Amino acid sequence: MKVFNASFTLSSDERCELSDITKHVREAIQQFPVSNGIALINTLHTTCALFINEFQSALIDDLKGLIERLVPARGGYRHDDPRYSDCERGNACAHLRAALLGRSIAIGLVNGELALGRFQSVIFAELDGPRKREITVQVLGE
Amino acid sequence: MKVFNASFTLSSDERCELSDITKHVREAIQQFPVSNGIALINTLHTTCALFINEFQSALIDDLKGLIERLVPARGGYRHDDPRYSDCERGNACAHLRAALLGRSIAIGLVNGELALGRFQSVIFAELDGPRKREITVQVLGE
Amino acid sequence: MKVFNASFTLSSDERCELSDITKHVREAIQQFPVSNGIALINTLHTTCALFINEFQSALIDDLKGLIERLVPARGGYRHDDPRYSDCERGNACAHLRAALLGRSIAIGLVNGELALGRFQSVIFAELDGPRKREITVQVLGE
């Protein structure tokens, strides 16, 4: 068994933007001589999220609506208040939304294929864009 | 170190039904000659969830109450509106609930045993049942 | 590739207390002769959480505020009602908060270092303290 590391970058145009990155992940994995193992997808940032769901545009709107409802952009957060924080981005909501959605994915690799179901996409959620972000893909396998 | 793959199916009777699948996972793992490593439990579907918690019936009721409160079954979702989606199941709430609860579990395997605490159960949450679902168990270890 | 297991304990003084355990995790990992692989951080308990975010004190206050708002301490939970549960701790809120925040982290290990971004900390959330808790660190790598 061996370990392989890859990464790619992703740019966004909006403050809150969800992207289907399944193809990027598949391309990163295909360069490795591994047919069985696991793929770990992570991001090194704290104001974005990674998760698996169906990437259907109306559903993506619903997901944005959900996180806006549970964690409003303006919620009187201390992290956005210069008395308590020197962060000037006003991005507390992005941190909190990331905490709810998660930022790490582990997927099986079986016979050279990512073990994803027919409707499953790997989704990257930029929560404090527009920004350029790095996403890492690590494969352990044989 | 080696990689082993198993899977099992689970049926539900209700729209929203939580099941303790710890025993199924243990049985899947025991067939492999591995004593130390990790077990990755995944589902290939987008409207169900996997997580670890105590499986106590009153608490399960509370969990159902929580997700119903945070993500109401009828929330005016675009994914449930034929103008924006050709999905006819009216299951936006199941997708959104799955996004909050997660759908992937990684557990250590130590001396041939799943590293679970006394009150920890592996819980499968059917969020758009009744349905038959496939759950995969992947073991990396030695 | 090999598997290594470590663990450490953590004590808390408050009912709800968030701690930056990145240093503990790094120390646990450094004792192993592994430079590339993955580290799996888990807890064996059901009323605490593990996740990655920025550990900034105002943001930690915001996180506590968020979970208190989404899952109030007193929410009329059945798990806290002696008619439905023999748990006498009144800790349903801790279980439910743990279900939202997650309790398992997988991080890459690249060239002997945990693959964490500049602002990323491994955060342990005690949700039903004060208590002593065990956190496990498992490394698969070479």
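A few comments on the model shown:
Think of it as A, B and C in the order they're written, each chain with its own count starting at 1.
In the analysis below, contacts are C-beta pairs under 8 Å (C-beta built on N, C-alpha and C of every residue); 3 or more make two chains touch, one makes a residue touch a chain.
Computed from a predicted structure; not experimentally measured.
When the CA atoms of chain B are superposed on those of chain C, the rotation angle is 120 degrees to the nearest 5.
The pairing of chain A with chain B is characterised as different-residue: of all residue numbers used at this interface, under half are used by both copies. Look at where the CA atoms of chain A average out and do the same for chain B: the two points lie 20 Å apart. In chain B, 1, 70, 100, 102, 106, 140 are the positions where the chain touches two or more neighbouring chains simultaneously. By the touch criterion stated above, chain C contacts chain B in their complex at residues 1-3, 5, 40, 42-46, 70-71, 75, 77-79, 81, 84-85, 87, 92, 95-96, 98-100, 102-104, 106, 136, 138, 140. The touching residues of chain B, when paired with chain C in their complex, are 1, 36-38, 51-54, 56-59, 61-63, 65-66, 70, 100-102, 105-108, 110, 115-120, 140-142.
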